[in-house]
């Protein structure tokens, strides 16, 4: 019996339905192991006292950084519940849009019924150019490096802005972007602020040596799996869970399609 | 509940139009394709104008008269679209090629060549420490790296003395490379699978209000 | 072009390539203030020239679209007309409201970033159908490629990792050892290839660079 | 002592060995070039993908379909991608000339705006070399889709659907964008030939013929069919043999506790 060669479109429809649309609407709840690092990160975020300040920042490309959003959104929710204040410090041009998106997606703002008021509980800085040197300038003198927020409002006119002087006001740094090494080097290495990255899987593999260089000060989670673990800890099912569900089905489909391709070749006789 | 925000609708429609590429060439994909090109070009121009303003303002204010050379060289590249004088653009481009080549050579030599060779040598020390599992790993790393080098020989040991044993090493290298390609490819499936979820979930959740 | 002008031009291009490359190398290896300042200057030229190249891109794209609109001989010219209008509208909007205004950000998020996410989301589809077509084991070569890819896809999957927790460590071992070793050889040999190509450029032997700087 | 101090002041710390390596490589290339000029020809192991380029252009002529050569997404001045772009541009020139001489149209594209100028110059030059300078017009053969990785991927996919090339050569610097463009190429029935360093896994899945890693640099010399330039590939091999030898001896010595080679390389 000859197995027909499938057109690519059939493969895609199967993948779309089984791996994405059905689990997207009816989550599968695929189980996954919890990692010690994610637990530690959860404890650190949870233990930040009310009124402390967490910086969210770094540089990256929006569409790829979405992988990091899976872990960052639960972290933002925890901080909002505990009254931790947030400053977004974008070191890349697209980072501005992405960090604003994180606040929107986590629904912590008062306009969404949340607890955080702009200017008092959180501030969005504009793009800080200059890469590492821009970051250092910001850490040394926040008002000099960025006298106004992203909307052009002078920092002195914002209640939270008035409180900011330099790096000593920052209690924790979360990097929800690709570019973690710069943060580790200048924020943790030189100034001793604990840093966390909800790293993309590609970045996790590449930057994990940094984690080993600063035990107890630098933490990273691995890709969507790390995101799913954070989501589980706060009891939500977001992008991390969706990604794990999708991979559960997709990996199976991948194996099935490769086997099918080989069966097609074998049954086709002396094809090619 | 389905979204009321017009921007979410624009976003959803563009996502669907983009996904129609899976079906094949069609007018909806064309629309998305040209929207993408136009927005990226438009954005590049907005950024480019700001960059030029920032870069050449010291010339206009008279602080850096040397910038005149850069300005002239920069204007010369625009001639590329004027067929009879297009050659003028090649002069400033020589600067780009020259500096680019130098920068590439020094970085490649330091990190890719010398840095990697030193890393291979330093890993030898780890073959004798740690668990047998790790030791075997380091042994594989060192032998695979050296073995694969032989695949990339094009003119030596092709014929004559030494060609036979080297051809075995070359074959070994070829299979080591194929295993590397397969493993890297398979491992990236996880990331792209997740990115698929992020695109489709935006539609399901933000636009249609479905799912968790 | 006159013979003298051609002669001057060719040699000027060659000199600029050599000066640019040697300045970049010189300042890296030697601690000589004069070399540093030469590099600083030519590097500034290079950066400034590069910022003008954007406008040549804009000019060539406009020329192509306008030519297509004038001819109207294919069915894509209406899209090109639309793109041309959108570029103009976008630039005007950007320069008027500013790159970090809420209007600009919402527009950018709903178009560019949306399309970026959408195309990234499609990769996995092409990936699966590509694997279906390519990973057919005809030879030992395709066997090595296909088996290693399928193996790692499965080892990373929850349906393997949940019953066999050791799968995760084995996957990491494969990536850190055989995968890393061969990829490092690609880096080393590719690096050597790049350096020799660089030397060919400096010596005026690389055909591509010659065509760019020495053509009519 | 004074001499050593002067040298130490002159050469930056930790880069002496690199400098020696670079100078030795330069001498090797120059020497190989001169030996080739003296008439020496080397046996070069075949690169299947390179041989396939010529045949596929012929096939395009028979089918009346164009060729697309894409050098990818890097700039010329990127330390990771610059060399790959140049190798891709060399191939573009040779393919465009060969194609034009048998009446096949060759188009190209790029993501980075810097490359537009180079590609325009190469197309102009290749058509002139093929004796058909009248065919050239700015913007006719070189496509630009704005400076982003995936605006390039979508634009290139659109270009492939528009032009239906019979042969697509991916030669330069790429990332996951090749999955989109490669699959679109498969859909229009194009032969796909690829060569790059970083994204080889993706090209391995998408291409009919593949140049793995450094093979692309060898190909950029071999495709010119200039025996003198081809001679420089021999020098590339000498450097690799030397590097392999240093690495192997370094590994053995390090294993018995002698770290001399490792240390010297860091001077």
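To keep things simple, chains are lettered A, B, C and D as they appear, and every chain counts its residues starting from 1.
Quick note on the criterion: a contact is a pair of C-beta atoms (placed from the backbone, for glycine too) under 8 Å apart; a residue touches a chain by one contact, two chains touch by 3 or more.
Everything quoted here is computed from the prediction, not taken from an experiment.
Undergrad: When you average C-alpha coordinates per chain, which one falls nearest the overall C-alpha average? Tell me, please.
TA: B
Undergrad: Averaging each chain's C-alpha atoms to get its centre, pick out the one most distant from chain A.
TA: D
Undergrad: In terms of C-beta pairs in contact, which of A-D and B-C ranks higher?
TA: Answer to which pair has more contacts is B-C.
Undergrad: Roughly how far is chain A from chain D, going centre to centre by Cα mean, in whole Å?
TA: Computed value for the inter-centroid distance: 36 Å.
Undergrad: Centroid from C-alpha atoms only, then distance chain B to chain C, rounded to Å. What do you get?
TA: Centres of chain B and chain C (C-alpha means) sit 5 Å apart.
Undergrad: From the C-alpha centre of chain A to that of chain C, how far is it in Å?
TA: Computed from C-alpha means, the inter-chain centre distance equals 25 Å.
Undergrad: Centroid from C-alpha atoms only, then distance chain B to chain D, rounded to Å. What do you get?
TA: Chain B and chain D have C-alpha centres separated by 14 Å.
Undergrad: Where in chain D do residues touch at least two different other chains?
TA: 15, 18, 22, 75, 77, 83, 86, 113-114, 116-118, 120-121, 124, 138-139, 144, 146-148, 150-151, 154, 176, 179, 183, 186-187, 200, 204-205, 212-214, 218, 236, 240, 243
Undergrad: Mind pulling the residue numbers of chain C that touch at least two other chains?
TA: Counting only residues that touch two or more other chains, chain C contributes 25, 28-29, 46, 50, 53-54, 56-57, 59-61, 63, 76, 99, 108-109, 112, 115-117, 119-120, 122-127, 129, 131, 133, 145-146, 149-150, 153, 156, 175, 185-190, 192, 194-195, 198-199, 201, 209, 212-213, 215-216.
Undergrad: What are the residues of chain B that contact at least two other chains?
TA: In chain B, residues 18, 21-22, 24, 30, 32-33, 36-37, 39-41, 43-44, 47, 77, 80-81, 89-90, 93, 96-97, 99-101, 103-106, 108-109, 113, 117, 120, 142, 145, 149, 151-152, 177-178, 180-182, 184-185, 188-190, 192-193, 195-198, 200 touch at least two other chains, as defined above.
Undergrad: Based on which chains are in contact, what kind of graph results: line, ring, star, complete or other?
TA: Looks like everything touches everything, fully connected.
Undergrad: Using the touch definition up top, name the residues of chain C that touch chain A in the complex.
TA: 99-100, 102, 105, 108-109, 113, 116-117, 120, 124-126, 128-129, 131-133, 135-138, 146, 149-150, 153-154, 156-159, 161-162, 165, 168, 175
Undergrad: Can you list the chain C residues touching chain D in their complex?
TA: Counting only chain C, the residues touching chain D are 25, 28-32, 46, 50, 53-54, 56-57, 59-61, 63-64, 67, 74, 76, 112, 115-116, 119-120, 122-123, 126-127, 129-131, 133-134, 145, 185-190, 192-201, 203, 205-209, 211-213, 215-216.
Undergrad: Under the definition above, what is the set of chain A residues touching chain D in their complex?
TA: These residues of chain A touch chain D: 8, 63.
Undergrad: Would you pull the chain A residues touching chain B in the complex into a rising list?
TA: 9, 12, 16, 19-21, 24-27, 63-64, 66-67, 93, 200-202, 223-224, 236-239, 241-243, 245-247, 250-251, 254
Undergrad: Mind pulling up the chain B residues that touch chain D in the complex?
TA: Of all residues in chain B, those touching chain D are 18, 21, 24-25, 29-30, 32-33, 36-37, 39-41, 43-44, 77, 80-83, 86, 89-90, 93, 96-97, 99-101, 103-110, 113-114, 117-118, 120-122, 124-125, 127-128, 142, 145-146, 149-156, 158-159, 177-178, 180-182, 184-185, 188, 192.
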